[in-house]
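Heads up, the thing below is written out as C-alpha cells.
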Amino acid sequence: MNIAFIGLGQMGQAIAHNLLKRNHTLTVFNRSRAKADTLIQAGAHWADTPASAVAEAEVVFTMLSDDAALHEVALGEFGFLAALPEGAIHISCSTISPETARQLAEQHQTRKTKYVACPVFGKPDAAQAAKLWLCTSGNQGAKENVRPLLDLIGQGVYDFGDEVGAANVVKLAGNFLLGCAIEAMAEAFTLGEKNGVARSAMYDLFSNTLFASPVYKNYGKLIADEVYQPVGASPALIRKDMRLLLDVAQKSLVPMPFGMVVFQQLTATVAKGVPDIDWAGFAGEVSENAGVGKR
Amino acid sequence: MNIAFIGLGQMGQAIAHNLLKRNHTLTVFNRSRAKADTLIQAGAHWADTPASAVAEAEVVFTMLSDDAALHEVALGEFGFLAALPEGAIHISCSTISPETARQLAEQHQTRKTKYVACPVFGKPDAAQAAKLWLCTSGNQGAKENVRPLLDLIGQGVYDFGDEVGAANVVKLAGNFLLGCAIEAMAEAFTLGEKNGVARSAMYDLFSNTLFASPVYKNYGKLIADEVYQPVGASPALIRKDMRLLLDVAQKSLVPMPFGMVVFQQLTATVAKGVPDIDWAGFAGEVSENAGVGKR
Amino acid sequence: MNIAFIGLGQMGQAIAHNLLKRNHTLTVFNRSRAKADTLIQAGAHWADTPASAVAEAEVVFTMLSDDAALHEVALGEFGFLAALPEGAIHISCSTISPETARQLAEQHQTRKTKYVACPVFGKPDAAQAAKLWLCTSGNQGAKENVRPLLDLIGQGVYDFGDEVGAANVVKLAGNFLLGCAIEAMAEAFTLGEKNGVARSAMYDLFSNTLFASPVYKNYGKLIADEVYQPVGASPALIRKDMRLLLDVAQKSLVPMPFGMVVFQQLTATVAKGVPDIDWAGFAGEVSENAGVGKR
Amino acid sequence: MNIAFIGLGQMGQAIAHNLLKRNHTLTVFNRSRAKADTLIQAGAHWADTPASAVAEAEVVFTMLSDDAALHEVALGEFGFLAALPEGAIHISCSTISPETARQLAEQHQTRKTKYVACPVFGKPDAAQAAKLWLCTSGNQGAKENVRPLLDLIGQGVYDFGDEVGAANVVKLAGNFLLGCAIEAMAEAFTLGEKNGVARSAMYDLFSNTLFASPVYKNYGKLIADEVYQPVGASPALIRKDMRLLLDVAQKSLVPMPFGMVVFQQLTATVAKGVPDIDWAGFAGEVSENAGVGKR
C-alpha cells in the first residue's frame, strides 16, 4: 500500500519503521527533517510538506504531540487534508480531544475521505516491538480496511464503535488510570519509607501479587527507585492529556477528584521547573511534601 | 501441632479449615459459637473463652475485625495472653494498626511468648483456596517456626523484617492501593459512560492489557457491572482500615491526597446508610455525583 | 452622555436604571425585548440590534452571561463593535475570561475605540442600590473619562492598572473566595449539626465576630437556614466562572486545591439536576454526603 | 475570688494578667517557672504543683497546649482534680477534643466539682487587650457563676448549651474556618501574582469590601506580604487542632474536603521542617507548588 506518515517523534518513528518492514511504500513528513533520517535510509521517501506527502496515499498516519499540531498538519498552510485522494483513510494516532477528532472526521466526510481514530498505549520501546495496544473508533468499513496495517504495529486492537470520539475518551481515561496508579504507589511507598519499610520491599509485594500488571511493574519500579529516567513522555506533555481529560469531564459533568489531584501534582511539577524527567516523576511531589524529596 | 484459633468470621473460618486439613489439633473460640459449628464437625475443639482455648497451644492464630476486638480477646477478661504457655507464638492476622501490634509484641516479650504479625491479602474465597498472600514481620526465629503453618493457608509469604509493625503498615498500604484502584476505575468508567463508551468496554480493555492483574480484573468487574455483591467486606470495615492508614500517615507526616479522597468516599457511603454492599460499592459515589447513580 | 446598554438580565437592568436616573440618554438592547420594558417606560430607547444601539454612543456598557454571549453581541452578525463611533468607550461588566478581555481590547484598538474592563461584585439588590464594588483595568484615560458613570452604579472602584485582563482575574478570584467561604461554612455548620450544635448558633458566632463581613453574613445565613432562595445566580452560571478561574490557573501553572473542590461541588449540583436554587446551594452537597441532606 | 491558673504560655499569661487587675487572689502553676515571673511580680502566688495551686481555689483556669497536657495537670501525679475543693469550678480554655472535655466533666461530677468548657478565639495581643471571644458550654449554674470572670478576659461570650463538648466543637470549627480563609486567600493571591496582579492589590480590595472582617484583614495581610512573623501559634500546634477536627468529623461521619486540604498543607509544612513561622505560613505551600515560593 501507499502510506504517508506525518509526525516522527519517538513514537512516530518506531511505528513507521514497523510499517516499512512489510514493503509498503512509505512517504514521511516531519517538522524537522533530521528525525526522518533513519527511515529514509530504510527506504522511506521524504516529502517537504504534509500536502505533498499524501499526494498518492491510500492511508495517512498522523502521530503528533497535541491538538494544535494535528490541526496544523491537517488544515494549516500545506495541510494534507485538501490534498488527500478521495477514498483515502486517515489513521489518527495522537492523543487528542474527542472534540478535535469529531471535527476532523466531519471535514473528512465533506471531502470523501475517512477518519479512523486510533490512539495507542505503550512507551517507545513497545512501539518498536510492535507491542502497542490500539483503540479504534469511527467508520466501520474504514477500520476493516486498515486492520492489516494496525496488526503490524500493535499486539491487539480494541474497538469502541462508530462514534469517532470514543477511542480518544478511552485513551484519555487510560492515561488517567496510569496517573492514578503512579500517585497511589507514590503515597503508599512514601508511607512505607517513613515507617521503616523499604520502597522496594513494598513494590516487590504488590507488583508480584494483587497488582501484577505491566503498569504497576514498570511504573512502580521507577517510583520505588525514584529514578525517573529515561523520559518516555515529559510531565508537560501528559499534563496536557490530563487537561483534555478534565475538559471532557467538565463538559459531561463528571466530578473526578482523583483526576484533579493528578493534574495538580503535574502542574506543581511543571511549575517548579523540575528538569528533564519522565512524567512519572510527579511522584516526587509526594515525597517532597512528606519532607523526604530526592527528585 | 497444638493450635488455637480465635475469631471465626468468613476469613477466620476459611483459614482454620485449611489448618485442620493437616491433622493439627485445633481449638477454636469465637464470640458467637454458631460460627464454629462446621469446624467442630470437622474435628476442632471448642473452648468457652480465649484463655481456655490456648491452655495447651504452641501457636495461637487471631483473626478479628479491629484493634479493639483483638485487644479484648488478648488482654480483656478471659483474655488469652496471660494463659499462653511460655514459648508459644501468636500469629496475628487481623488488619490492625502497627501501634497495636507493637504494644502486643511488648506484652508477649514480658511473658516469654512471641508475636508474629501476619496480616493477609485476599477475599474469603481466596482464604478457602489457601491462596492468600501473607505479610510477616517480627521475631525471625518465631517466623521460621511457624512457616509450615503459613504455607498451609497462603500461596506466598512476603517478609518485612524484625520490626513488628512493618507488616501492618504494608497491609494498610495494600488496602489503600486497592481503594485507589476502585476510585480510579469508578471515575474512568463513569467518564466513559457519560461519553458513550460502555463501562464494560473500558473494563475489557484495561483489565486485559495495561492493568491485567487480579485487583483490576476482580474489583473492576464489580465497578463495570455496578453490582456490589456478595459482600467481601463492608464499607464500614474497610473505612476503619483507611482510618488506621491515615493515622499512620498523620503520625509519620505523610500527606496522602488520594488516601483522603478514598476515606471521604467511604465516609459518605456509610453516612448515607447505603445498605448491605461490598466496600467497593463506594464507587457508586462517583456515579451519584455525576448524576447517574444506580446504587 | 449618550450611552448604550447591552444585556438586561437582573444585573444589567438594575445598573441601567441607575444610569437613567442622571438623565443620560440611554439606548438599550437585549436578546429578548421583554426585559427592556421597565427601562423603556423610564425613558430608555430600544434598539433592534447591538449595532444600532451604539450608533451614536459615547459609551457602551455590556453585561452578558458569558464569553460567548459577549462575543456574539460585539463581533457577531449585527455586533456593535464595527458600528461603534471612533473614540467611544466600551465598559465591559460581564464576568469573562481575561483572555477574552484582551482579545476584545485589541479589536477596539484597531478600530480606535477603547475597552475598559469593569467586572462588578454584588447581587441584584446591591446593583439596584448602586452599591456594587467595581474592579477596573485598561487604558488609563478611558477609565478616567467614564469614572463619573461608574460612581453612579457602585459604592467604590478598585483599579488594577493598565493590563486589561487584570480586573477579570480579580473578579474570578473574588467569586472563588466566595465559593470557598460557602464550602467552609457548609463543612463547619454540618459538623456542628451532627455534633449537637445548631447551624444557626455557629453562624451567629462567626458572622458577628472573626468573620463579620458581608459575605459571611449574607451567604452564611443561607447556609445556616439551608434555604437557597431567591436565586441570585444559578449553580450553572457560577460553575462557568469557576471553570474560567481554573483555566487561568491552568495556563499560569497555579495548583488550586480549593478551586478544584468548589468546582466539583458545583459540578455535582448541576449533574444531579438540583432544581432552581441559588449557587450557594452547592453547600447542600456537604450535608448530603454527611447523610443529612435537605436540599 | 480565689483563683488558680494553670498553663502560662503566651495566651495563659495574658489572660491571667487580666484576672489579676481586679484584685482577685491568683495562684499560678506552669511546667517551667520562668513564665510565671511577671505574674508573680504583679502579685500572683506561685505553686509547685497543680494540686497545691488549687488547694483553696473557688475557680481554676487551665490553658494548655493539648489534650495530653491538660490530662497531665488534671489527672497526673500532683494533678489538681483530686485536690480541688468541693463546689469549685474548672474553666477549661484549651483547644481540646470534645471527647476529652466530656471525660473530664464526668470526673468533676463524681467529685462534686464542676467543669465549664471555655475555649477562646484571639491571638496573644487580643488576649492582652481582653478582647477574646469566648465560647462556653456545660453546667448552666456554673457558667452563670463565672460570668464576671469571663467578662474580664473577653469582649463577648457565646454560649452553646449544656452539652459540655459543644464549645470545643465550635472552637475546632472556628480554627478550621480560619484555615480555610488562609488557604483560599493563598490560592487567590498566588493566582493574581502569576497573572500580573499584586498580592497586596487583591488583598486591599477583598479585605475592605466583601470580606471586611478581622480574619481577612489580619491573616490576609500576612499572606499578601508573605511575612509569617511573629508566631501567634506554630504550624504543629494548629495542625494538632485540625487533627482533632478531623477526628470529630470521622466519628460523626462528616466528609470535609476542605478540612483535608488544610490538614495536608499543614502536614507538608511541618514535614518539610519550615522553621519558626506562624501557622498561617502554610500559605507558602501554595506559592511553592506554583513555583513562586519565598518562604
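Just so it is clear, A, B, C and D label the chains in written order, and each chain counts residues from 1 on its own.
The criterion applied here is as follows: a contact is a pair of C-beta atoms (placed from the backbone, for glycine too) under 8 Å apart; a residue touches a chain by one contact, two chains touch by 3 or more.
Per UniProt, the chains are A, B, C, D = NAD(P)-dependent oxidoreductase.
Remember, predicted model here, so these are calculated numbers, not experimental data.
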Problem - Per Cα centroids, the chain farthest from subunit C - result: B
Completion exercise
Across the interface between the identical copies subunit A and subunit B, with over half of residue numbers shared counting as same and under half as different, the residues used are same
Fill in the blank from the handout: Cα centre of subunit A to Cα centre of subunit D, whole Å, reads 53
Problem - Cα-centroid distance, subunit B relative to subunit D, in whole angstrom - result: 40
Practice task
At least two other chains touched by the same residue of subunit B: list those residues.
Solution key: 253-257, 264, 267-268, 271, 289-291
Practice task
Note which residues of subunit D are touching subunit C in the complex, please.
Solution key: 98, 121, 133, 135, 156, 158, 160-161, 163, 165-166, 169-170, 173-174, 176-178, 180-181, 183-185, 187-188, 190-192, 194-197, 201-202, 204-206, 209-216, 245, 248-249, 252-259, 261, 286, 289-291
Completion exercise
subunit A contacts subunit C in the complex at 243, 250, 253-257, 260, 264, 267-268, 270-271
Exercise for the section: Spell out the residues on subunit D that touch subunit A in their complex, using ranges where they run on. Expected result: 264, 267-268, 271-273, 285, 288-291
